[in-house]
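After this come two complexes, each holding chain A, first together with chain B and then together with chain C.
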Partner chain A sequence: MPRILTRENAIRWAPFLVLLALVILFTAINPSFLSQRNFARIAIAAAPALMVAVGVTFIIVMGSIDLSMEGVISLTAVLFCFLVLALGGTLASGGWIAIPVILVAGAAIGLVNGLIHVRLKIPSFMASLALGFVGTGAAILLTGGNIVKFDDPTFRALLTWRILGFPLMVYVAGMCLVLAWFIQAHTRLGRHFYAVGGGEELAHASGVRVRQVRLAGFSLAGFFYAIAAILQVAKIGQAESVTGSNFMFMSITSVVVGGVALWGGIGGVWNTLVGVLIVAVINNGMVVIGLPDFLQAAVLGLLVIIAVILSTDRRSVAFVK
Partner chain B sequence: MSTFIKDFIERETISRRNFLLATAAGMGAMAAPFAFGSGAARAAITDPAIAWSYRDRASAYWNSIVSGGEAFVEAIGKSKDSLVSLINEGSSEKSLADIKAFLAKTNGKCAIACDANDSPNARPVVEAVRDAGAYISTIWNKTDDLHPWDIGDNYVSHMTWSDEKPAEQTARILFEAMGGKGGVVHLGGIAANNPAIERLNGLKNALKDFPDIELLDAQPADWDTTKGTELMASFLTRFGDKITGVHCANDNIAYGVIEALRAEGIENMPIVAYDGNPEAVKLVMDGKLLATVFTNPHWGGGITAALAYYAATGAFKPSEEPKEHREFYGPTILVTKKDAADFKAKYLDAVPSYDWKDFWGPSNGQIKYK
Partner chain C sequence: MDIQRLKPHLPWITLLVLVAIVGIADPSFLKPANLLSLAGDIVPLFIMALGLTFAIYIGGIDLSAQSMANMITVVASVYLAPLGIWVAALCILAGFTLGTLSGYLTTRMYVPSFISTLAVGGICFSVAQWLSGNRALNMDATQRNETFGWMIGRTGIVPHELFIALGLLAICLIIERRTTLGRALKAVGAGELAAAASGLNVARYKILAFAISGGLAAVAGLLFSVKLSGGAPTIANGFLLPAIVAVLVGGTPLTGGVGGVLNTAIGTLIVAVIRASMLYFGIAATQQQMVFGLVLIVAIALTIDRSKLRTVK
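For the complex of A and B:
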């Protein structure tokens, strides 16, 4: 009979147990935390962040990093609003065309990011950070620093139309997550991400075309950032040059807290889902239990460290950098 | 050492040397007039260059400030581009360095309007301007012990806005809409920012007259729409139906609050905001916001540049003006539903043309220190 309580199993389920423990903790302090309505609120907060985190998961699994998300989201969100408004201002009037266009634009920006990293041999950290700044700058240039409102009721149904108590955008994010899982688990590209992240030289020697895999990874990440941008516009009904703010911290933290190793090759989109939920639950729970605001940042930091300690397998790595 | 780093250091060394030489030349040129006589001879600068030093272009507020500066330079017959933008990106060091570079470039023949980014930075900035013989007017940030009359004519004026009173007014409007009872939550700015503190204080002042209204909680939403949405959602879980009114520290937060409520299907929650941005004024007209407060950044941007400019040209002598003309509060205009349409027509649809020599008309009295 296979043993259930193995070390591997403990590590695999640790992030989920951390999430469960947090839910129990917050519920014990304020029972209204454990309600369907509050879970819907957490889900709304988590949906765009999940898309960003899923995008960057592929990159982190490859052992690279992508910090362009804030700029890419701001730019694609602003472009999306301008495009829909130019196409008549509602999805029904032809504005829906903006959705595929923006998804392709996101992937194209990701591809540029990848090309800078791979062709110019600039570390992904620097290349993506710089491209992120370019994205924010372009968004400022387009908007002139102003807010672009987009309030089509059909589009906003993503937020206002509820099925079983959860808004439509939560289901959209769920479907995109399944798509990401499919790519990760059932495509050659997905397996190659792990091969590159586990050992690039080895992957190269085994015939994996590492450069192409990296380019595909960054394009895929850009595609998911564009989904996040559209969901974010659905959530707050506007786009501006700071629409992408805070997503960098939120997504990278979530990915790590969920148990995806920053050195690559370990973890996947399910870890990311749990990580995003952990961060969203902490953010929501701290207000719900009435923690004073001057303690919140410190508590968030501490909880993140604890979550990482519990949820990553550090024994298998020789060193951490 | 890699060639990249080596080249970089070499290039930086050269550009720094050039900068120092340029600065030295500038300083020398500025010192020259003093060698020939008293300062009175150079009280008037003909055609001073004009610059605005401010934080960033990614906000409606600073854009409006700059548009005012541009309107002023156009009013004196120059092109828009002649207004030099010195963008400090939230860095006091960059703010000071940019201003010093501008002083050197113009040989001190310039007028500068400036928000020094943080209070301690104001002193080195105005001293650099004084030493170069140029003229400066500041807004928002300066320490309480720094006064234009102590520095001299070169530090023309300082304008700031007192947010406590207007925030109290919006709170009263909110409480009356709540029927004088119930629970209110406050979503604030970045906790340590002065305006954030003042706007919360305004709410607390109004609370004293409404004993049946409870302040359920006040938490920072960092001036940010997304933060506002998420904080409001968490408040709803914590307090539920106890919340019968929302006091926001700025318009951006209010946009987030409205969206968080919309997601829950809650309409008609009384909400007040601050800043008077065009989108917020529209929400006031639609009845989704009860009130917002306009600080007329367009006028502030123009008049601050105008004060420095006309002091530089010698049109007026700052030291001959009373103290309430050297340190004063900017205008605040409360926008509520009954006057929103008029307000929009007057200030937003067509930007009013101001008399840029009426320096103190719309201002709000001398600054008081606590």
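For the complex of A and C:
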């Protein structure tokens, strides 16, 4: 009989159990937490965050890290608004072209990120951090510090049009999650992400073109950041140079808390979904039960530390930087 | 002359070339008074970069430095009235303790330093928001002048901040060159496994490096709040990027082991000259972040020791 209480099983199911426990805890303190209306609120908060987290999941599965999301989201959000305005100000008047253009732009920024990392051989956390600063800088430059917005009921339908009580953007995020799962589970690229994360030298020796896989991973991440940027613009109705703020910490916390190991090769987009929901439920629940919101950063900080400690197999790690 | 022998000298050559370029474009830039006030203005950044040097020297990174400085500006503003001069001790102690926490998490709990310091930065941000009630705080002007006025005055044309900077630089230089701690840090940076195999208590020295980084970030925050006579949870945002740039363009690579605090002094001056030159050449302040981001990428690419990285993750 196989043992049920193994370390692997514990790690696989722990995030989900934590999520359940949190929902029960918050409901016990304030029953109004468990309402459809509140769940919709959590889903809206989680939709853009999920896209960012899914993007960075691929990178973390490869054993790298991407800290550029804040800059990339700010820049693509600002570009998106400018582009829609230039194309007539509404999706119907031709502004819809902006959506594919911005997705490609996001992937292109991700590719640059990957090129800096792979070609110049700079560790990814620093390459992406620097590129993120450049992105934020570019967003400040484009906007001059101002807010950009356009008023289009069709586009706002992402937030206002509700099906079964949840706005359209939640379904869009859900479909993109399925797309990400498909890439992860059913494409060669997805398997190569795991090969590189599980052991880069072995993957290379087995004929995986590691550099190309890395470049593809960073481009894919940029693509998902651009989706997040569009959803974020739909959610708050405007773009500015701080649109991407807080996404870095939140998304990495989500991914790690969901059970994707920072060392690479373990976990996937479903873990990320659970992680994003844990973070969103905590953020929402703290407000619902009346805790002050300044605690959020500290709680996220403690959460990420605990998650990394729990997910690390200390026998297999020699030292960390 | 091959490039490897030239490499250690690149930082100060860069600095001289930059000063010369700006000086030729605008001779008034080279007036001693202007240069000194330029150097004085950059001191809080320099102190933060000085601390970061220790974290980077051992091959780690401290991304909490900016949040730490933010938190300390709030702590200093809140507790100046009840504690007087002792608020300085409180600030440094807080920075040192939180730095120790980062170091402990990194070494004993195997949390990579960029994550552990990011998380500690989150804690700092929460503390800052809680203490300040999310508002900008002001110090009582007379009390500030009585307690910390000596920090920000001028003697002749020399800003007092420069004395503080030189004092801290001297202390750090002694730690780096003349103490067991300094030697141990160099060993850890040059090759952590070898250092551990030689019987060095690597974890203890790494924790100390992060603690020093935290403590100096706190001093930077304290000086910054005294200069501005107040504090807020996001007031020092924008420090982290130039501070990292200062360490790296100074010639301490991300992989650690070479460089040091003197390099960071030169690196900070390079940052100061780049900033000033951007103003002279009419590049608006809003464009600076982009420029520094690009400079950072170039600096890392030039300094990093790729032989130490078997696989670049």
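Quick note on the criterion: the second predicted complex is superposed on the first by the 281 of 321 C-alpha atoms of A that agree within 3 Å, B and C clash if a C-alpha of one lies under 4 Å from a C-alpha of the other, contacts with A are read in each partner's own complex, and residues count from 1 in each chain.
Note that a contact is a pair of C-beta atoms (placed from the backbone, for glycine too) under 8 Å apart; a residue touches a chain by one contact, two chains touch by 3 or more.
What you see is a predicted model, and the numbers here were worked out from it, not measured in a lab.
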item	value
More chain A residues in contact - chain B or chain C	C
Touched partner set for A:64, first chain B, second chain C, both or neither	second
Touched partner set for A:294, first chain B, second chain C, both or neither	both
Partner chain(s) touched by A:128 [first = chain B, second = chain C, both, neither]	neither
Touched partner set for A:30, first chain B, second chain C, both or neither	first
Which superposed partner A:144 touches (first chain B, second chain C, both, neither)	both
Doubly contacted chain A residues - partners chain C and chain B	136, 140, 144-145, 294
Contact set on chain C toward chain A in their complex	59-61, 105-107, 109-116, 118-123, 125-127, 129-130, 134, 192-193, 196, 202, 241, 254, 286-294, 296-297, 300-301, 304, 306, 309-313
Interface residues, chain A side, partner chain C - complex	63-65, 67, 116-118, 120-127, 130-134, 136-138, 140-141, 144-145, 200-201, 249, 252, 256, 262, 264, 292, 294-302, 304-305, 308-309, 312, 314, 317-321
Interface residues, chain B side, partner chain A - complex	56-60, 62-63, 191, 217, 219-220, 224-227, 229-231, 233-238, 240, 255-256, 259-260, 262-265, 277, 279
Footprint of chain B on chain A - complex, ascending	30, 32-33, 35, 37-38, 41, 44-45, 136, 140, 144-147, 149, 156, 159-160, 167, 232, 235-238, 240-243, 245-246, 283-284, 286-290, 293-294
